[in-house]
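The two complexes that follow have chain A in common; it is paired with chain B in the first and with chain C in the second.
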Partner chain A sequence: MDLQECLQKNESSRRTDRSLVRVCDLTPDTAGQTVWVRARIHTSRAKDEEVRTDRRRGADGQTKRCGRTDEEVRTDRRRGADGTDDEEVRTDRRRGKQCFLVLRQQQFNVQALVAVGERASKQMVKFAANIVDVEAVVQKVEQKIESCTQQDVELHIQRLFVVSQAEPRLPLQLDDAVRPDTDGEEEGRATVNQDTRLDNRVIDLRTTTSQAIFRLQSGVCQLFRDTLTKKGFVEIQTPKIISAASEGGANVFTVSYFKTSAYLAQSPQLYKQMCICADFDKVFCVGPVFRAEDSNTHRHLTEFVGLDIEMAFNYHYHEVIESITDTMVQIFKGLRDNFQTEIQTVCKQYPSEPFKFLEPTLRLEFKEAVALLRSAGVEMGDEEDLSTPNEKLLGRLVKEKYDTDFYVLDKYPLAVRPFYTMPDPHDPKYSNSYDMFMRGEEILSGAQRVHDAQLLTERALHHGIEKIKAYIDSFRYGAPPHAGGGIGLERVTMLYLGLHNVRQTSMFPRDPKRLTP
Partner chain B sequence: MDLQECLQKNESSRRTDRSLVRVCDLTPDTAGQTVWVRARIHTSRAKDEEVRTDRRRGADGQTKRCGRTDEEVRTDRRRGADGTDDEEVRTDRRRGKQCFLVLRQQQFNVQALVAVGERASKQMVKFAANIVDVEAVVQKVEQKIESCTQQDVELHIQRLFVVSQAEPRLPLQLDDAVRPDTDGEEEGRATVNQDTRLDNRVIDLRTTTSQAIFRLQSGVCQLFRDTLTKKGFVEIQTPKIISAASEGGANVFTVSYFKTSAYLAQSPQLYKQMCICADFDKVFCVGPVFRAEDSNTHRHLTEFVGLDIEMAFNYHYHEVIESITDTMVQIFKGLRDNFQTEIQTVCKQYPSEPFKFLEPTLRLEFKEAVALLRSAGVEMGDEEDLSTPNEKLLGRLVKEKYDTDFYVLDKYPLAVRPFYTMPDPHDPKYSNSYDMFMRGEEILSGAQRVHDAQLLTERALHHGIEKIKAYIDSFRYGAPPHAGGGIGLERVTMLYLGLHNVRQTSMFPRDPKRLTP
Partner chain C sequence: MPMYQVKPISEGDIKIDLPTCMYKLPNIHAQHGSSCAEYALQNGEVDPALKALEARQDEIMRKLYELKAAVDGLAKTVTTPDADMDVTTLSQTTKVSALTGSTYLDAVLGKDSGALRDIVINANPASPPLSLLVLHRLLDQSYRVLSSVHVHSSVSSVSPQLLSCLGPRHPDNYTRQSFQLGFTLIWKDVPKVQMKFHTQSMCPIEGEANVARFLFRLLGAEPKDPIAATQLDSWVDTAFFQLAEGGSKERAAVLRSLNSALGSSIWLLGHEPSLADIACACCILQNGQSSSTPANVQRWLQACRNLEHFHCISPLLQ
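Here is the complex of A and B:
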């Protein structure tokens, strides 16, 4: 049992050349092969009645953990297509109890059959969440195993070793955690509430849904960066500890910094603009931004990931809008084309309509939006900002009229934008600023910035803002006209997938009431 | 002068289809073409004596700003190869004063000739740092202009507009800021000290050296992520505001968090390990890490960018070492193959030997390093950690013996590593841990982690560490064996380029004494 001990301790005492096969690679092509697989036990059961009544076995919500249903397998159903299968089951049965396992690796799982006895103890297969190494023969199955991602094969386990043992009781059951809320309500089955999920995030992140969400999110970042790099943007790293609250003193976290105080950056705004003043021309950054806002809503976090863009333009800030919307379109296309598995996985638990977008991206002016809203009965002033409900209503109206889930709202009233926003040269009540929306919720706010030190001073005075000398000084030595915007990563992921809470798309979310784990 | 006004205000009043040509694209192929270029005035001078005595004109350190040497151009030298050139100069001369400009765009610059008079005022061309739009004819030159990156052509300006005007006096001169320290000393010319640079970082970042450093750094991040993505790693985003100081209470910044206190993460250590426990298998992250260390050295920052890796392995942590070293090798190769312009640009100011590495990467054991050091006269104990001078000496010894600037030091004494480090199964005095070095300085620290909750508890007790229940709990529900490491981005850039201060590779560095800009 030397190998078994080695695996159980896993302290790298020696190397082996044995290769492990990925669960997602277990296809009919591998049938007949003997393979080694490392995976987590997803479910384990030894009861056969269910097998006869329900051919969909495995992670179908019907399974019970072996610990509760530890009985001898008496199944006599036929499996496999090669005739040797039934024989082997009988052979196994003679050796001891038999167990059906579902083995899981990230988003993928496969059914496996093991004889509990001399080669695998009850303890080994009893607990879901144990990580095991199995040596097994891949067998084709006659009827698709609909509850597993690998539907055409199952594993006949010959040897099994425990790599890491889990405590008997998980704080939440993965099958409960991926159950659609509606199924839970209709069928009276357990679902898992959000606080329990987040309190036990390590377990919750193991669900197929979480695995899919965060792999897709990783894709959003990659597509964002790759698209911008191709467009000639340079990635920058901006400091998060800053000496002054750049965007006004409110909603900023204070840090004790040696013998003085500092703040956490509410955005990389000042620094990305400084990079433009420093001739970097087109820059982006991906990093945390911090908002000390006591907002307990479905879409606010105190720490989130900002995808930020700033770009010098030639003649018109619409060049920047076009760069950003094209980047978003490349993200949407990349997700659609390369993350279908993830999208479908999330849809199983959280059904939503596929995300729709136009090329080129629809750009509406604020005035047009006000007109649309008024035609739907909303009463609002010309220069009044959009409320969150009105944004959502507008999203529905735009979807009806233009059939798109993504659009730009341009030319906001100057009064509702920050002091550094460039006024509209044709109408001083408006500004060269824009928001972008996905499924009726804001994901980006941006504008052409005032790049003239004198005008910036005037605008700041007008807003009663002081103590921004350092910021204004950046523009004294020549600054090109520029515009940009900041995108909330978690919101993009949430809204692309049609989810309803930004905490689902933040691995370890931070809000006024949550600092752990 | 409508266009001129439009450009000067730059508030996007209207769009034009006029395209701008990049300075780096001004090659002999474009000779004879009339082009529009937007660039900064790098230098401007109207004096001709220097032209006669020094054919290397432009950014060669000999130039004086127009503001100080504003005299009529009386040059009669021949330029161009097409015969029309001299004629045009004469024509221009009749119209008014003539000025030689060097126009700069990031790392690239080109010489340009403009007649100051009815089409361009003295004010327009006087100040270095003004951003201008010029309409100009590209002309081949007979003798290479060695002081410019575009050596084979110059621009004959027909129209010039100021896009953004700079204040007359820059806080530092760019030519001074790119002068090698040795030249400054030998020739008694000005160089710029580090505090002046950092106090005026926006100007300092405009130098060709800074432009090259941060473009190369952007490449390090891209190569890091692309290599790991190809290897199947998933990018994660970990929280920076945390509830407990995960790696001991020292050196941690405190944040006021609503009615309670929180900390800034000293590394993503805990969170990336939690992702491994959550079945993400292989993860990386790029983000700020915070160290409240009162270290005022050339290589310490209070905020830097961590390139972090964590990976479940199959049988031996050397699998992880190999993944990391291969990633580093891919970065080195990518930089060598795709960033030669940047490397050469930095070398002009800061000469260094090309960075050498081996394939596969050299891996030495700690014991071997101690033997090497002892053979060089160093006295040290078997289980004593390496001091910084000894690390540097070791780097030189390794370079002499193996001809590599990059290597791994494996199997550190257990006593000098954190409690979560896996002991060496063959010798409990040592551990499955490693550092990686570039040019004799540490850039990565890593190890196999203890993944067993019980052993982790024992090791924590042994180190007298408490209050880490949340951390240990992550391992109770099955954790695969895993290892990883954290790389300091600024150090990688610094050491790859052979620079000597990490502040040169941090855009807006933070140390105990610097919080601005």
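Here is the complex of A and C:
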């Protein structure tokens, strides 16, 4: 066995054409082959002679193979963390000098076996998170390795190079970070709290759960783009530095802008509407949205990714509702059909019921919602907006009856909507506006917009909004009737997976208390 | 007090100008109402033990009244559950011969509380509930019904016939409030047909037969005669237990009895088609045995299929 340490930095000084095999491709078919694999050491544990004998016996099929239990691994790790690993490695040398590794590549991992020789430094294999290149023979195993994704094979390492060394002590352990909360409580095992995770986001993102979450999130974005492009929408980019607040004066970040000040866009609202006025017919945009809301809840971020849709319609704004809900349903179906692995991975750590939906999407009216809530004992006014607990309750009531986690609530009271919302022609107290809900939480707010400059000026005055001359002017030269809405990518991902905090689905979340990393 | 009581010989409130140099005592003759202060001690204080006793008694009485009110409230809700509505309220309303607005709907579903009264039916696309589709058509003729078909995420794909089985979309479907009744059919992976209405006050109705009975009741066309009503019930049971789920021998026996019953009249019950006809015909049609049935049954099946409200199921039978 030839183990080498290669602590030289890779400065791209030379190029080899050795091909690397992906961990996920290590299947029983590749057994017997010698392969090169680049992966990160996930865990490593030394093994003494005694265990080795056991294992030999196991290979004969007489006794069950004696892998070390989780308990032992944990003790090892704890010892390591206590700073007594030197002693332990000495003991290892005196013993069999054999070491089990788990090599991880993104969400896949495989067990590997290495003999620690004189030339193999303990750091090479000891510390998790080192990135290594290994040359190894793929071997089938008798008994499935339950703890790895590649359960039928293991690697017998012949050569091992360290490509990049990690610091010996990680701020958090990956195994702790993927442990379901309930397990941790029951067995007295360590779990990692939210702030530690977010402070060390790079390491937290390496966990299988995070990998799955962000792959799924990328899928949401992809499906959103694909579906809308197929429907004939055009993707647009809008400015994020704007001169006036679109959703009213509150909750807007002010930034200095040379000799004056400007705002960070709360939504691409006004710009996507201007694109409609410019005859783009159907547009969508994906981009950051800023809200200066000082609320530290599980679902508010100060910066998030908005997926916005705006479209001109022919006769009725329900055409737009149907377009948006169909897009959502296509996203849900795409996730259900193509991201089952990711959903299952997340479910292991954060168990939740699978997301249910109806096609076409259920549409209820605000009056019905109020009647439903009243029949459940809630006291509320006709024109009162839904409070968060009432939204949740309504979500439960709707789920009970229709068994869907996604629905649209139509015809909100005019008083609780922004100035550019079109009033209901039949009842001036209500408006042509709608919210969409996932698992009882609002994800989209939209409406038919006022496309008449005169009416728009009146509504803006009524709400006391100024400095939007350019916006109103764009309606003076003929604007088609249109409607739209915007969803938050992080919220959709969170609610689809049934997670409980939007910070889990934001890669580097921003909230009133967090600006780093 | 072991003494008898006499009326006061003088009125208690005689105005006397008292000298100010003396100290005051409470009037021992004055009436102080009915409280224990009547037996005030010499120095004007009430015995604290008596006071406590009185307070305790008041408290007990108050609790008793509360309990009584609670029991009365419970009694009211217990004596008027949904089940009773069938025998009392409904049997009264069925005497009203002419269909007046949404009387039957109100009687069975409860008053319109500002929300659309939406009946949700979960059915498995593998076995479409034909009888319910026929009943839907009948409801659609009597009321303004907002019909919608959805596919639940537990089902991957559904044939276009099943998606359009409730007919074309109502042109006014953008205003849910303008309808008397909602009929929402959800194709879902369920073992049995399931109907939900008031999820809080009413448990889901399971089984096609029971849902069919419920929907038929909304039409207010059930027989008033208890014997006919029992016969109808019996035919419905026969249809769903023996024709739909029974073995071949059982089915043959039912077909024979149907044949003899149809020998004397056109329809199973009286001169009008009823739920009995709908249930039996749909179960036979669903099994696809319509061609191998006895003569009377054949003729009757054809008569059923000629009814307007049966037309909606013919695309599903091919």
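Methods note: the second predicted complex is superposed on the first by the 456 of 517 C-alpha atoms of A that agree within 3 Å, B and C clash if a C-alpha of one lies under 4 Å from a C-alpha of the other, contacts with A are read in each partner's own complex, and residues count from 1 in each chain.
Assume a contact is a pair of C-beta atoms (placed from the backbone, for glycine too) under 8 Å apart; a residue touches a chain by one contact, two chains touch by 3 or more.
In this text the structure is predicted, and so the values were computed from the model without any measurement.
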item	value
Clash or fit (per the criteria above) of chain B with chain C on chain A	fit
Chain C versus chain B, contacts on chain A by residue	B
Vertex chain A angle, Cα centres of chain C and chain B, expressed to the nearest 10 degrees	110
Which of chain B and chain C A:His316 touches, first, second, both or neither	both
Touched partner set for A:Val255, first chain B, second chain C, both or neither	first
Touched partner set for A:Arg206, first chain B, second chain C, both or neither	first
Partner chain in contact with A:Pro239 - chain B first, chain C second, else both or neither	first
Touched partner set for A:Phe332, first chain B, second chain C, both or neither	second
Nearest Cα pair across chain B and chain C, whole Å	7
Doubly contacted residues of chain A, that is, touched by chain B and again by chain C	316, 318, 426
Chain A residues touching chain C - in the complex, by the definition given at the top	316, 318, 332-333, 336, 354-360, 362-365, 367-368, 370-372, 374-376, 397, 400-404, 426
For the chain B and chain A complex, residues of the former touching the latter	6, 9-16, 18, 20, 38, 40, 104-106, 129-131, 163-167, 170, 201-203, 205-206, 210-211, 214-215, 217-218, 221-222, 225, 229, 234-244, 253-258, 260, 262, 264, 271, 274-275, 277-281, 286-288, 290, 292, 294, 302-303, 305, 313-318, 422-426, 432, 448, 451-452, 470, 474, 476-481, 489, 506-510, 512, 515-517
Footprint of chain A on chain C - complex, ascending	113-116, 118, 120, 122, 148, 150-154, 174-177, 184, 186, 188, 196, 198-200
